[in-house]
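First, the structure itself, so that you have it in front of you.
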Amino acid sequence: MGSIYGKIFRISTFGESHGAGIGVVIDGCPAGVTFDSDFVQKELSRRKPGQSRITTQRKEGDEFEVLSGVFEGKTTGTPIALFIRNEDQRSKDYAHIADRFRPSHADFTYEEKYGIRDYRGGGRSSARETAARVAAGALAKLMLAELGVSVSAFVSQVGAIKVVKPYQELDWSQIEENPVRCADPEVAQQMFDYIDQVRKNGDSVGGVVFCVAKGVPAGWGEPVFDKLHAELGKAMLSINAVKGFEYGSGFDGVSMLGSAHNDLFYKDESGVIHTRTNRSGGIQGGISNGEDIYFRVAFKPVATIMQDQESLNKAGETVIVSGKGRHDPCVVPRAVPIVEAMAALVLADFYLRNKSSKLSRD
Amino acid sequence: MGSIYGKIFRISTFGESHGAGIGVVIDGCPAGVTFDSDFVQKELSRRKPGQSRITTQRKEGDEFEVLSGVFEGKTTGTPIALFIRNEDQRSKDYAHIADRFRPSHADFTYEEKYGIRDYRGGGRSSARETAARVAAGALAKLMLAELGVSVSAFVSQVGAIKVVKPYQELDWSQIEENPVRCADPEVAQQMFDYIDQVRKNGDSVGGVVFCVAKGVPAGWGEPVFDKLHAELGKAMLSINAVKGFEYGSGFDGVSMLGSAHNDLFYKDESGVIHTRTNRSGGIQGGISNGEDIYFRVAFKPVATIMQDQESLNKAGETVIVSGKGRHDPCVVPRAVPIVEAMAALVLADFYLRNKSSKLSRD
Amino acid sequence: MGSIYGKIFRISTFGESHGAGIGVVIDGCPAGVTFDSDFVQKELSRRKPGQSRITTQRKEGDEFEVLSGVFEGKTTGTPIALFIRNEDQRSKDYAHIADRFRPSHADFTYEEKYGIRDYRGGGRSSARETAARVAAGALAKLMLAELGVSVSAFVSQVGAIKVVKPYQELDWSQIEENPVRCADPEVAQQMFDYIDQVRKNGDSVGGVVFCVAKGVPAGWGEPVFDKLHAELGKAMLSINAVKGFEYGSGFDGVSMLGSAHNDLFYKDESGVIHTRTNRSGGIQGGISNGEDIYFRVAFKPVATIMQDQESLNKAGETVIVSGKGRHDPCVVPRAVPIVEAMAALVLADFYLRNKSSKLSRD
Amino acid sequence: MGSIYGKIFRISTFGESHGAGIGVVIDGCPAGVTFDSDFVQKELSRRKPGQSRITTQRKEGDEFEVLSGVFEGKTTGTPIALFIRNEDQRSKDYAHIADRFRPSHADFTYEEKYGIRDYRGGGRSSARETAARVAAGALAKLMLAELGVSVSAFVSQVGAIKVVKPYQELDWSQIEENPVRCADPEVAQQMFDYIDQVRKNGDSVGGVVFCVAKGVPAGWGEPVFDKLHAELGKAMLSINAVKGFEYGSGFDGVSMLGSAHNDLFYKDESGVIHTRTNRSGGIQGGISNGEDIYFRVAFKPVATIMQDQESLNKAGETVIVSGKGRHDPCVVPRAVPIVEAMAALVLADFYLRNKSSKLSRD
């Protein structure tokens, strides 16, 4: 009962790792958005497995089909259904975990909650579910682009290795040039080497994705509960393996004094109001203020490791769980397009919601 | 359009700092919950101003009235409306900011979004709005208590001063014994002194609230979007001044290896399944697993300071904004009951949502 | 869990017949609507008891208070709370039904559903609850008026006495001139005499309210589930005592042939597209087409009668229920403003929803 | 923005008449419902075209595929996606109406609302959309059956030809025995002959579907807005071509006196509370009372007729629209399973919502 998201631009996702496929229905996308199939496919490719030796070696084409809602290349205002049929399923890889609870996975909690569980590849709890988010997010990005809004992310930390430069000084064109999707090429190489080492040890490691939205005008966000950053936080925390979210000054802002933290307003040469600093992360009182919106998302190390771990089976007996199949030693390189997609979905929704803020005669 | 929260246990809040009052309507509370007025009043008192010299000196009785939904001491299943009439309003204190944008406040963004703004005390963006959350949260706590679930929080950081002991080793009975609401009395004193110093400087400082929910059974949370921690994150981020949220291992988990991070299952003497560690924060795959749920919430330094700051007015002219009125130098002591209230509201909602997980004949 | 209505222009109502009062919170009203208190009070007066000898003789001033959301005479985009404190409660009038199930009332079903029941005056199931709808609807009317949309209703049937003239030929200024609120003065007199006779017999009778919305532009309504007439139907059926809803040709359309029923399009002199007939009731495919929207709402005879009736008490014993207190022999005269209010709320919501139909750059 | 329906048992439908297909995602179905594919297919077959010479001659297999949510024959608590791929599309049949507004269709209003329109077969406004409702409704029926609740409907009127017997006296096993789906075989023959005559004249005619739900326990329905009959009304009115809804005594109840209309309570031999009559239609105060729930749904004559009609094209020029393609002269025989499906969906949702009415320790 939690697979529908958004208030106006609403997505309803479905699908399991080893079922027929993964899909999404988007209800509430305005009519007239140019549906660029190539772009949607490209976004899916950024998320798909098998991109380099530090990502899982599963081969999934992740080709999508439009089932409804697009006519002569445009959205029609009716629901848009996108579907990605599953391929290369090796369900038998999972027979050994059918009655076992893998540590720090969702096996135990799904069993407790539903009393039944599609154990193949994690079923619905598999990160494969995020393909639907990326497809829907690609459409949201297309709509936002027509409004001059863009969303971009990169890997800013892997294990203890961090990008230290401010995001404004990075060369964003570098992100897709390295398999880690880090905007700083030197740090990217260190991250790659570290992940590769972790992989060889049959282990996994976490990371941080940094995301920036540019071009968002002042006014998006709906206090007091649906503040823009609150909804961004929920969207990010809903992604598999995410453990934390912070925007603007974030947790570091805690130890600052107000006199140093406040963002002072000024007017630039062209008469536009800006803030001299942006510790607010582009959001004040839950509403965008026209500055860059930026935030960080923390991902834990992937729970599946190629090492033996003690656990329990459904009968409550102690068993050994051994990692099999093909898994990512570090999830963040493939998480970059997912973070962007969820951010785009949140922004698309708030763009539409904001249309009702003031009385207008149209 | 964002003042309604929750799916089944739904709250609808209203009110401004200097209007008639602050209130909340709760639709979806089950019938039969004993409504303990004294408890609700006590919770409101924990949030109200004027508790010590490190909180604002405004005097607000914050006495509430039940407008509906309670009959002979029990909830009836119909909407429960609670109202707190405003007192001690000094609206004229705010005349000087009627046309000015206070730095890092919501003045500018409300003006941009709505084209009109109740500037008195921040209007709807005032932290006074949280009184309604605390009142509704008190009712949620009462319901949860009947289910054996409790929610408690304390201040774990102010500026750079942190509680370092694990939460399990703290004496929680100490929390209400000091004005900072820190569970470690020694650290509490350091925090108090620091906040007092900051106050004398006319400045402000941030902090962290640490929250634990005990007794939540396995099964609460609704993947894939309404994961328990995602909704907790949204609820916390919707509180004024919050900049970040993390649960379980949080941002620190990023730099751990999977082999060290995974929580191993075991069965205790009474046959109950537990995990040996709890880096999952009591939530796996977005669903509670029966362990303690714990998380941290980062609050920025309060934007209102008793120092002159440069800013703009509505006409776009440079002006000086001077802090007046009565304000908190550090928001976290009074934020403790707010964090608890929002957590209780989220849990109450998921308790009810979880009733639909499995087919049952009742 | 059903006291919140609307998607964008959302109302959350609360209150019981003999509690503190009746109220409503409106979340999602745009900023900038002029709040005309006199108009809201006038609408409440049209609904209030004691208007003539054919309505209940209860005296209720039904004066409302604005608790939030209005500043300097305008809505601010934040929640608007309106509250009507109860007066003239004679709760002891109801002691005799505390443990009895009145025939065709909600006593039995509330008891079954909630296990507890505020029996005083019907509690939440009292028609007094509709005061909140009228208050919120008045605000919706004010907003719609600024868009050139009006909603008006009249009593078109009482018992078997019907208005036979087409609504276009009636003098709508007559509606408020007679206590029945019938647009045809002659029929109004017959209705009045009949209701008065029914009243003297201690009985009750049903009726039909006919409602027309003018000025609604083409485009309002959200297929496939939230069709404009589907939502109007739900809104009307949610009013106490309503048993049926039909729009346009309604049930009579069933026996027509398609060739006679279809509304042919044409262009008028000013180039505007119209239909020559309007059996569609201004709605095609669930979306307004620019013609008048009209519909009929059937009300059953009021369940409370001044006659003895056999029933059961909570213990399952046969008892006699005798009507006491002050009740309406026919509900439709006072239902006119309620029907209008609910229609206005539905239209206000669809106006806002329609803003997201097409991509626009604003 | 209106293709998602339900609060807990939520369906999200998609698809157009001549796109890839028609589908539905069900989010909120409890885990553990036995998914009987044959039953779902059988329900779809009751709705599909080509059943007799009085229904459209289009040939559609309407075979469905399960895309997600079912594992080893049971629902898993995760979203269930069902898809029916379109076949036998003759899109070129529709080229002639690409720029024309067919009278009493949704062509004009979709064009006005969205600015773009998939004209092939009516696109999203085609009755083909209801296949998704029937598929989802079949699942709801399966769940309800496990709770002892059934939903059945039949055609009670075609043009002016009506079934006059009370529904309790009809032989329901006759319904599927005749192509009209009328429970009275003699009336069924008259209806068939009449529809056939209308068909030969290239015309169409309306009808009424009568529906009964049995076995619904007391307690389902959520006042004050989401009353059981209000939601049933909305669900029915959302079906293509529906013009009216009434339950229990309906519009006829208007002219009754309260003393004759009230349903008196009594206790049967086994101690169960019943009402002697059932003018309430099984619903009091918006909540089921344990009696049969019954209602009537009015369908207008189908707008597509095989006769020339004057209309306008997008350029505003007068044109002649001629019916082509394959259409139903009377929609009600195929509407029977759609009415049942929507009723089942409403009941399934209220069953789940009612779980939160009272505090319980489970």
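Labels A, B, C and D are assigned to the chains in the order they are written; within every chain, residues are numbered from 1.
One rule holds for everything that comes next: contacts are C-beta pairs under 8 Å (C-beta built on N, C-alpha and C of every residue); 3 or more make two chains touch, one makes a residue touch a chain.
Keep in mind it's a predicted model, so treat the numbers as computed, not measured.
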When contact pairs are matched by residue number, over half of those of A-B recur among A-D, C-D or A-C in C-D
Of B-C and B-D, the pair joined by more C-beta contact pairs is B-C
Here the gap between chain B and chain D, centre to centre from mean Cα coordinates and rounded to Å, is 45
Rounded to the nearest Å, the gap between Cα centres of chain B and chain C is 39
Check: chain D positions touching at least 2 other chains come out as 1-4, 8, 13, 28, 31-32, 77-78, 113-115, 124, 223, 353, 356-358
Seen from chain A, its contact residues with chain C in the complex are 7-9, 28, 30-33, 75, 77-78, 143, 146-147, 223, 352-353, 355-362
The answer for chain C against chain D in the complex is residues 1-5, 13, 101, 103-106, 108-110, 112-115, 124-125, 129, 157, 159-160, 198, 203-208, 218-219, 221-227, 229-231, 233-238, 243-251, 253-259, 261-267, 271, 273, 275, 279-281, 283-290, 298-305, 307, 309-312, 316, 318, 353-354, 356-358
Per the touch rule, the chain B residues reaching chain C in their complex are 1-4, 8, 10, 12-16, 19-23, 25, 27-28, 31-32, 65-69, 71-72, 74, 76-81, 83, 113-118, 123-124
